[in-house]
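Here you go, one structure.
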Amino acid sequence: MIEHVWLVPLLPLAASLVILFFGREGEHSKMPYLGIAAIGAGLWISLRIIFDAALGRAVLPYEADWTWYSFAADLGGRPFIFDMRAGVLIDGAAAVMLAVVCLVSLLVQVYSLGYMHGDPRFKRYYAYLSFFTASMLGLVVSNNLIVVFAAWELVGVSSYLLIGFWFEKEAPPYAAKKAFITTKLGDLGFFLALLLTFAYAGTYNLTRLKELVGMGYLPPLALTLIGLGLLSGAAGKSAQAPLFIWLPDAMEGPTPVSALIHAATMVAAGIYLVARCYFVFLASPFAMEAVAWTGLVTAFLAGTMALVPYDIKRVLAFSTVSQLGFMMAALGVGGYTAGLFHLTTHAFFKALLFLCAGSVIHAVHTNDMRSMGGLSKRMPLTFTTMAIGSAALAGIPPFAGFFSKDMILEKVFEHSPAMFALLVLTACLTAFYTFRMLFMTFLGEARDRERVAHAEESGSAMTVPLLILAGLAVVSGWLLQHGHAFASFVGSGAAEAGAHAAETAGSGAHGLNPMVLAVGMTAAAMALIALAYSLYGGPDQSRAGRLKERFLPVFNLLENRWGFDAFFLALVDAADRLAELCRWADTEVIDKIFVDGWGLLTRIAAEISHLFDALFVDQAVDGCGWLSRDVAGRGLRSLVARGQVQEYLLYLAVGVSLFAILR
Amino acid sequence: MITAIAFYLMAAVALVSAVLVVTLRNTVHCALFLGLSLAAVAGVFGTLGADFLFASQILIYVGGIAVLMIFAVMLMGRTADLTLRQVNQEWLAALLVCAITAAGLWRTAKAYLGTAAASAPAPATKALGRLMLGDYVIPFELISLVLLAALLGAVFFTKKEEGGKT
Amino acid sequence: MTLTLAHYLALGAGLFVIGIFGALTRRSVIGILMSIELMFNAANINLAAFNRFLHPEGVTGQAFALFIMTVAAAEVVVGLALVLAIYRRWDKVYMEKIDILRG
């Protein structure tokens, strides 16, 4: 089955093209089922790969590639044929990612059947979804960094299309542009890393690169730069500080799309890229540390920012950023397995949370939590599943998030207690803001009675995915933790040896008793949930309001996202000013002196040339003309050119007579 | 002897009427004298024993071309023209040129003063027919094409333009 | 007083010269056409005479004379058609009036 893995990205791609170009648009289009079938087949293949590998019937890592193009080149007088090969490389992480992406995408597509029902561009939506998934899958399977980069950009394009899907409204196109441009900023780093890679290694094949790095073929500085470049790309796509500003705005897209972006397809790409190129970071401690601190800062900042918004999707968006920070930090401290583990579990419960939020929004037609409250009675199923998702996010045992988060905290503690402290604080914040959202939405009294009274539980197309994801959010952590199944599976990739080395090297500090950590974290989370309940759970929310008034500057700071948006706007503004200055310099200085000056010089030269021309050359030409016209022409013409045929005949006859007589 | 008398007679008629052709004012007379001159040339052919040529000359020139000329003259004729001079101002120069040419040609002809006919002339019609449909069959057919083209061209040129703009 | 080739050539030369004179001096187009016919005839006489006196065994000269007659007939037909067309279009008969070639 593993030899068919190339079908996994190509099936959704084909499906999206067929849907886009051959499907009939309409509210009752049957095209969505084609996309669902394609991704279902992909899921089937990727699950079979995992089972085959687990049962030992397939060997990971699996690599197969085909020649893409080749050209003859000459390097230092030594001619050679450069062979660019592209193909698939499946290690444990890739296999897991394939399954996660396919599963989440499948559920989101099923869910969208209900959520997007009645949209005039129903078909196009599915084409984009399939394309999005296909790009991400291509990114996951590819063994060639160039192809990875191409898929990476395709992910960006499709996210642009989907975030701006409702382009009739004002905000979505703006958000789409913001997402695209911000991630592009990070992609610059990725691109530079690619250039450096080729300059130093001469190949883009991941396996070969790994060998070269392992042999110490690349200089350390280059490795650090490549690592930082990759980190920059990952920071853009995975919404790390300071490039996370696009993610909250990306909420303007349809909610299932948000679920897809946050759980599987887009933000996972950055984490996955770092994991995929882990050998680079292992070889460069500085890049590794940068990854860790980026993740840490992101986790903390986003965790605080998630405390204040009233938009249910914004809260979730910031929580995603925060959790991505967790993953990044885990990778940065050498917790390869922990990071990927959290990526997997997070994919499930974050997709669940978003789809639940979508269900709520579908019912009450607003994102604002201040208009909700008391929805638990109207939508019990959604409430239950969302509570499960929240518990998983907050890290309550035995839900999925608990296991992965603990794993990360352990790793971080081994690395540095200071980082550990910050991360624990963030984890506590997570518990608080998650349940704040849950309580504000579902408990208490209906603050907007009219909306809430009309809210109804969503249809089966939407609830069935919720139930499946809720089930996964309950069991996936425990299942994968059990017997270190996940660790051994993901570690079956070649990354493990290096990762182990880093983990052991990094653990100079004392180990932490896992039981102490687990109990302590659970207790802290419970306490904060209780606090959230006391503030937001009851019908009376005046205490929360008073708290807000008291700490208004802090609230405002958090509302303004620590001024990051303002910072980037100021950056843009500064760029504008710089451009204005350049324009001024261009028009006033360069144009005036150089361009106009040159013009003046040229004109003077032209005048001189013209004078010479008129005085001498033209006169000569005119003289020739005058000679031939007036002297020769007029004279001759008066002689012969009178149109008298008989005169011509006479001349002819003169000639004939001369011939006749002169012999 | 009879041949010689016939030749001189015919030559005299031909030359005199040719001179009249190029000098008379009345164009109709010119055309008539042209016919006479051509007929005299036919007679010269007769003295050469070229019987078929003789017949052709009579048929084509005298019977065809000269008559055609008369028709054309009559189509375009204007009574006012009868009084006008029909020779232009360059007649003196033309006369000079002609005299020089004639002198040159006479110099050539003089070389053949001793060349007399070796035998009596034989009828040539049969030989001509064989030649025309034998060695010269392709030029013969081509010349018929030339005639056809001339016919079409003449029709084309003289056709009245559409719309009556004459 | 036998006839020699020179007699015939002289006759041809005379006709030819008269034709040249006519072509050079006649004012009307038809007059020029007539003069050209005279020149054709002069050439025919020469051909027939050369045939008779220099190559009496064949008839090639006469055949050429016949071809020339045909060409002359074609020429005069086209020429007269042109003359008629010019006459109808511009009402001109005299050569010095037909000067559209004037530079």
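To keep things simple, chains are lettered A, B and C as they appear, and every chain counts its residues starting from 1.
Rule of thumb we're sticking to: a contact is a pair of C-beta atoms (placed from the backbone, for glycine too) under 8 Å apart; a residue touches a chain by one contact, two chains touch by 3 or more.
From a predicted model like this one, the values you see are computed outputs, not experimental measurements.
**Q** Go through B-C and A-C and name the pair with more C-beta contacts between its chains.
**A** Most C-beta pairs in contact, of the two: B-C.
**Q** With centres defined as the mean of C-alpha atoms, identify the chain lying farthest from chain B.
**A** A
**Q** Using mean CA coordinates as chain centres, what's the chain A-chain B distance in Å?
**A** 103
**Q** Go ahead and note the Å separation of the Cα centroids belonging to chain B and chain C.
**A** Their C-alpha centroids are separated by 6 Å.
**Q** Counting only Cα atoms for the centres, state how far chain A is from chain C in Å.
**A** Centre separation, chain A to chain C: 99 Å.
**Q** Touching two or more other chains, which residues of chain A qualify?
**A** 646, 650, 653, 656
**Q** Please output the residue numbers of chain B that touch at least 2 other chains, ranges allowed.
**A** 88, 90, 93-94, 97-98, 101, 105, 108
**Q** I need the residues of chain C touching at least two other chains; which ones are they?
**A** Chain C, residues with two or more chain partners: 20, 24-25, 95-96.
**Q** What residues on chain B touch chain C, complex-wise?
**A** Within the complex, chain B touches chain C at residues 1, 3-4, 7, 11, 14-15, 18-19, 21-22, 27, 30-31, 34, 37-38, 41, 44-45, 47-50, 52-53, 56-57, 60-61, 64-65, 68-69, 72-73, 75-76, 78, 81, 84-88, 90-91, 93-95, 97-99, 101-102, 105-106, 108-119, 121-122, 124, 127-128, 131-132, 136, 139, 143, 146-147, 149-151, 153-158, 166.
**Q** Within the complex, which stretch of chain C touches chain A?
**A** Counting only chain C, the residues touching chain A are 20, 23-25, 32, 95-96, 98-103.
**Q** In the complex formed with chain B, which residues of chain C make contact?
**A** It comes out as residues 1-11, 13-22, 24-28, 30-31, 33-35, 37-38, 41, 44-45, 48-49, 51-54, 56, 58-60, 62-63, 65-67, 69-78, 80-85, 87-89, 93, 95-96.
**Q** Spell out the part of chain A that touches chain B in their complex, as residue ranges.
**A** Those in contact with chain B are residues 646-647, 650, 653-654, 656-661, 663.
**Q** So in the complex, the part of chain A that touches chain C is made up of which residues?
**A** The contact residues of chain A facing chain C are 637, 641-646, 649-650, 653, 656.
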